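Right, one structure below, let's go through it.
We call the chains A, B, C and D, going by the order they appear; numbering starts again at 1 in every chain.
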Amino acid sequence: MDFSVPDATRALCGRVRAFLDEEIVPLEPTFLGAGWRAVLPPLEAARERVKALGLWAPQLPRAWGGMGLALRDFALVGRELGRSPLGHFACNCQAPDAGNMELLLEHGSEEQRERWLGPLARGAMRSCFAMTEPERPGSNPAWLATTARRDGDGWVLDGRKWFASSADGAALAVVAAVTDPEAPPHGRATLFLVPTDTPGFRLLRNVPVMGHAGEGWPSHGEVELAGCRVPAAGVLGGAAGIGRGFALAQARLGPGRIHHCMRWLGICERALEMLCRRAAGRELAPGEPLAGKQLVQAWIADSRAEIDAATLLVLRAAWAIDTAGARAARGEVSLIKFYVARVLGRVLDRAIQAHGALGLTDDTPLAWFWRSERAARIYDGPDEVHQGVVARAELARHGFDPPR
Amino acid sequence: MDFSVPDATRALCGRVRAFLDEEIVPLEPTFLGAGWRAVLPPLEAARERVKALGLWAPQLPRAWGGMGLALRDFALVGRELGRSPLGHFACNCQAPDAGNMELLLEHGSEEQRERWLGPLARGAMRSCFAMTEPERPGSNPAWLATTARRDGDGWVLDGRKWFASSADGAALAVVAAVTDPEAPPHGRATLFLVPTDTPGFRLLRNVPVMGHAGEGWPSHGEVELAGCRVPAAGVLGGAAGIGRGFALAQARLGPGRIHHCMRWLGICERALEMLCRRAAGRELAPGEPLAGKQLVQAWIADSRAEIDAATLLVLRAAWAIDTAGARAARGEVSLIKFYVARVLGRVLDRAIQAHGALGLTDDTPLAWFWRSERAARIYDGPDEVHQGVVARAELARHGFDPPR
Amino acid sequence: MDFSVPDATRALCGRVRAFLDEEIVPLEPTFLGAGWRAVLPPLEAARERVKALGLWAPQLPRAWGGMGLALRDFALVGRELGRSPLGHFACNCQAPDAGNMELLLEHGSEEQRERWLGPLARGAMRSCFAMTEPERPGSNPAWLATTARRDGDGWVLDGRKWFASSADGAALAVVAAVTDPEAPPHGRATLFLVPTDTPGFRLLRNVPVMGHAGEGWPSHGEVELAGCRVPAAGVLGGAAGIGRGFALAQARLGPGRIHHCMRWLGICERALEMLCRRAAGRELAPGEPLAGKQLVQAWIADSRAEIDAATLLVLRAAWAIDTAGARAARGEVSLIKFYVARVLGRVLDRAIQAHGALGLTDDTPLAWFWRSERAARIYDGPDEVHQGVVARAELARHGFDPPR
Amino acid sequence: MDFSVPDATRALCGRVRAFLDEEIVPLEPTFLGAGWRAVLPPLEAARERVKALGLWAPQLPRAWGGMGLALRDFALVGRELGRSPLGHFACNCQAPDAGNMELLLEHGSEEQRERWLGPLARGAMRSCFAMTEPERPGSNPAWLATTARRDGDGWVLDGRKWFASSADGAALAVVAAVTDPEAPPHGRATLFLVPTDTPGFRLLRNVPVMGHAGEGWPSHGEVELAGCRVPAAGVLGGAAGIGRGFALAQARLGPGRIHHCMRWLGICERALEMLCRRAAGRELAPGEPLAGKQLVQAWIADSRAEIDAATLLVLRAAWAIDTAGARAARGEVSLIKFYVARVLGRVLDRAIQAHGALGLTDDTPLAWFWRSERAARIYDGPDEVHQGVVARAELARHGFDPPR
């Protein structure tokens, strides 16, 4: 057991932190006040400086232009980036592109990688992941209504997806569709690489979420697939990928949950820091700072305890994936998914309460986090599903196999 | 002790409920999707039907065109109206106008009533209440930076306010300003009736809150007062009102908190109903409804228990105000303020979780409630202040007087 | 709606409170330090004074020597009595005797009443209720292992019971046993009146609970029934009572849960009063009382809010039973059962924390309440069962009938 | 960062676990049912086998007969021992002796070590620590009423202590007394080594705690010091120790809190294991195990998450003390003190609830843990004090120094 962070990692995190504070945080008011389109030009410029600084795509192998970090190092970098809503995008490790790049890297054919992974890795293209459906529960990813039927040597896709995040402006959609409804549940679906200009693929709307339809990267598309024809070469993983959609999606989610959790912990650190600054700087009466209030001190202490606890759990899960593989770490990943999402909710709530009316405004990023991250307890599996996974794993340690 | 609701009140609530479901709820998508300006025309038309139905201004005396309900009856009507974000406005009992009308009714001179109360009661004008300041804590309303200095037989106001809700489009602002900084803390401020077209009164912006600056009634103004001259007749309550700003503001808040609490409970009932419908109608797998899940059942049961508990507390406080007066019921009002606001937060959280991704979208009103009512634990005094009031009252019952 | 307590009830509660403070509370150190046997003689003497004061058996009809109170009045008296672990016994309205008396009163034959109800009502005898079984879940009272098979014109009972509270020293046991295993689940059991000196009825032990086996009234017996012969006249309710054991037990539990809840609220009031006294009287440093701490104030405020909320819910349920009957109020009774038990746990926890080390000792009754009332969330149905009942009732209001 | 447990440590923990399961757990019914005196003979016999197995005094240096473990290894061993109430005593690393041994080892004179540390290390003697006073808050250890005035070359002690745990049967008491009331608060007290047969030292009673006065090691003494004369050689640390009582007590508490936390986590692991076994083995109806209930699964998952989080925090604190010293790790130690104590409370609560009535009985150790470990949130500093320490440390990281 060794809880020390290696010097090199620590130095790297410091560089990321400095870059974020100097170049990305100042862009937040534009993003929060004027929206994605307004912030994109300076953000693209910042991305160029990221490349120059050698901080581009920390999760990608060096061969693809990235930093080639181990998961546990990327986790720490991701926490720094999470302090700003724009951090991950600045370094081209944002969802859903990061997950799609990982899929292509590990399961794409050479042709698929060349066509899609290259531009994605360079930040020249965006993509989306279309799995969730409005009429089917996201908590049961084996039960999809979208179908792909064989048509000659290709496939024809029909169905409807939503929460295809970042579909607006994406060139590529990774689409999950049932190719064999008679197969065992986890063998029914396949992932398809669908150019968004394919006839029959249509972005119906950006779903309005918490008051905003969003635009561009920060948006959640509702997509119709109507007789959308995809060639055989569009199956992710080629012929071997047929029926493996569920497995590939799950494999994508393991490290993805580490990314999300560390991003949330970056938000938590930002919020706690804001809470402390507010508490120290705000007077309730002349000479009486908010920080002197015992309830505020309890909020600070509880937040620090919960954040540290959550951070150690996530780093342990990252370490487990690095050393034992994603499959072996499945229980630990489910555990952090629900645990950290809850910590996030509580820390944000305390930070807002300490800010009073200011915490409700868009003059700080707290309200953005509050609106956009209520989703954390829902996406990639709601808390209740992950609790069930952890409980069954624990029961199995004692030799029991409960009914679902 | 008698927990029965009188038949007449029950029938009235039924009429309100039917009207709301038929005419107001259908306007919600327009409001949530296209905003205030878009919904205003049909909403104004609905207001005319409200008048025709005899449901106008339930809180106002009949002499002013209202229904003249006792507080505990209005409380029950307010719960029905709270089920929609547009309910109170439809019946002209929305904050902040309702509170301002009450102030004018009880403390305005005859001239003040004629000029302002008449149009407000008819729904021909809107108003705002400008007390909170960006640089001073709302939790300490005795400590204001805005000043009013005598100038001839009038006053000149200087300062900055924010969260002057509904200032955008208001004709009247009720402004709190310090008239005697040397007086004891609770005798320093005075309330002024300031026409918003007075020179020196300027709406700087609608403060962006939870992603939206809003417009018209659902907005929160930041206001500058710069050499804003108000005649002697602009003092609420006339000469006797000088130095009574804190007392009048507090008197306004007592019944106002009953209104807010019952509105929140209307939201809670709506959310719980939506939770139940979702739970019963959504399948996790073929033939397996969400409602069969024990955690969902626990959410429903806990919500029902907390809502009923909160409702009884609020009705008891309304009854106490009706029978013993607002001053005697001060502890009970503080108690419901923090208690019900927390119930609201928990019930909304459960309803959203049960809706999954849908609960995050603007396809239901849950996201609106989530965004706009995080404020409930802050406005009109944060939880922590009200907890202190209740604790000191409880200690006083045992003969103790703790330091603040 | 009227939240006022009638003057006569208020005066009665005052008399009960005064008696309790003067005569019963002073007996607590003997009970907590030396046990039941030591406190019984002075407690019996106090019972005589209770009779003289006209406070005997508030729940019983006057014809049986009681006060004949309506449920909602008894509820308020029960709250006063609940302030001491000995209060209910002092007035002969303690569990399980009160419930057994109610059963006999409503369902006993004339002969059964004469033989058992008379001495119980006079306080000359004690009884127990033997339903829970070690090997079967108390949460499923329709599933019992104890059987009664016909034998001539009588019955022979075999099985094992535990948590037959107060069996030690009881002359009568009300025993639930399956008389028809083939009947629908809720029609299988019958209640038998079994004299504890019947051959085959054996008190195996007082089950050690939270460190004490207890003795006499405050104890929980484990009982063996081995070929225990009961005549036909021993069936509660006579021939009509056969197969009605579940129904009678449930009927007994409705008002019984009101009694428990109000007793718990008496404990809560006592604990909160102790918390306040401690907070006001204890200094953390010279001149710095504990009551000045914001966290302690939050504990006081939250406790007051939760206690008042719980009290109103229970009184409403009592009013519902008084006006609409126990069956109609079933959902409300389940609701208070789990809600109030949780409030009790939280209030006790805060009171102990405020007392520091003293709160752990037997120098106050807090530790007794802590040890003996953890059971509140378990007996008469665990929280989770009652949550399910409330959820299903709520879903039914919207027309849905979820799977259990 | 490396979360792996070294093979040697893992093997050692396995040996401890096996010993505990085979030899100590079987003694629990005797302890819980018949008390300390009854279990002492077989427990002393087990201690001999502990020595033979080389598992004696894991926290002591080899020179004193111990295993010489680093703190982080002892932490893991302590978790195993914590699974039983008798585990630490069996290995002679029980409080308060372990802390007293540590004090003597690090600060005792050679003579003091020889006289006291030798027999303590061999398990031939017991000791107690007398600091807490009934009339002064334990949360303010700088404010003591017990005094030691110089008398010739010795001292005379007067005062009263309680929660001098294990005073019953102890040969040595380490007593904190004020030697210089005029010194700065943290320099007023001194620790004295007082043989319990010193005239004027009197054990007044074992304080009844949660229903039991206890006896021998598991007891909490109230002690009177009345003109109790201690020679100069009785000052811990010799002349240099005068006025250092607070500092030494704090130094004792740092690692002591690691010990407590890991012991609590052992209790948690035991409770969770029991919860799982109960859930898997108990049927609510034929073929319907408790483990299939979603709420029970949520309890299991939440418990596993919280236990793992707490464990990592404690191990990190132990690692920090090992590598940076106790002073530098002060914030981390305060953090785990309140965080882990709360986890303990929640996990025990869930385990009891899952056991139903059985969980309340002494047929399992859950009730013992429930009764005896409510103290965890109070002793060695209540939660609220440690939250304050953590909050101030966090604020200091941002450059602020809040009023206490």
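Quick note on the criterion: a residue touches a chain if its C-beta (ideal position, glycine included) is under 8 Å from a C-beta of that chain, and two chains touch if they have at least 3 such contacts.
On a predicted model such as this, the values are computed, not experimentally measured, just so you know.
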Looking at where chain C touches chain D, is over half of the residue numbers used by both copies, so same, or under half, so different?
same
Looking only at C-beta pairs in contact, point me to the busier pair out of A-C and A-D.
A-D
Based on the averaged CA atom positions, which chain is farthest from chain C?
A
Separation of mean Cα positions, chain D and chain A [Å, integer]
43
Centroid from C-alpha atoms only, then distance chain C to chain D, rounded to Å. What do you get?
37
Indicate the whole-number Å distance between the mean C-alpha point of chain A and the mean C-alpha point of chain C.
52
Residue ranges of chain D touching at least 2 other chains are 293-295, 298, 384
Which residues, counting only chain D, touch chain C once they are in their complex?
32-33, 132, 134, 137-140, 143, 162-163, 207-212, 282-286, 290, 293, 295, 352-353, 356-363, 367-368, 370-371, 374-375, 377-379, 382-384
Contact set on chain C toward chain B in their complex
1-6, 72, 272-273, 276-277, 279-280, 289, 291-292, 294, 296-298, 300-302, 304-305, 308-310, 312-313, 315-316, 319-320, 323, 335, 338-339, 384, 386-392, 394-395, 397-400, 402-403
Counting only contacts in the complex, chain D reaches chain B at residues 293-295, 298
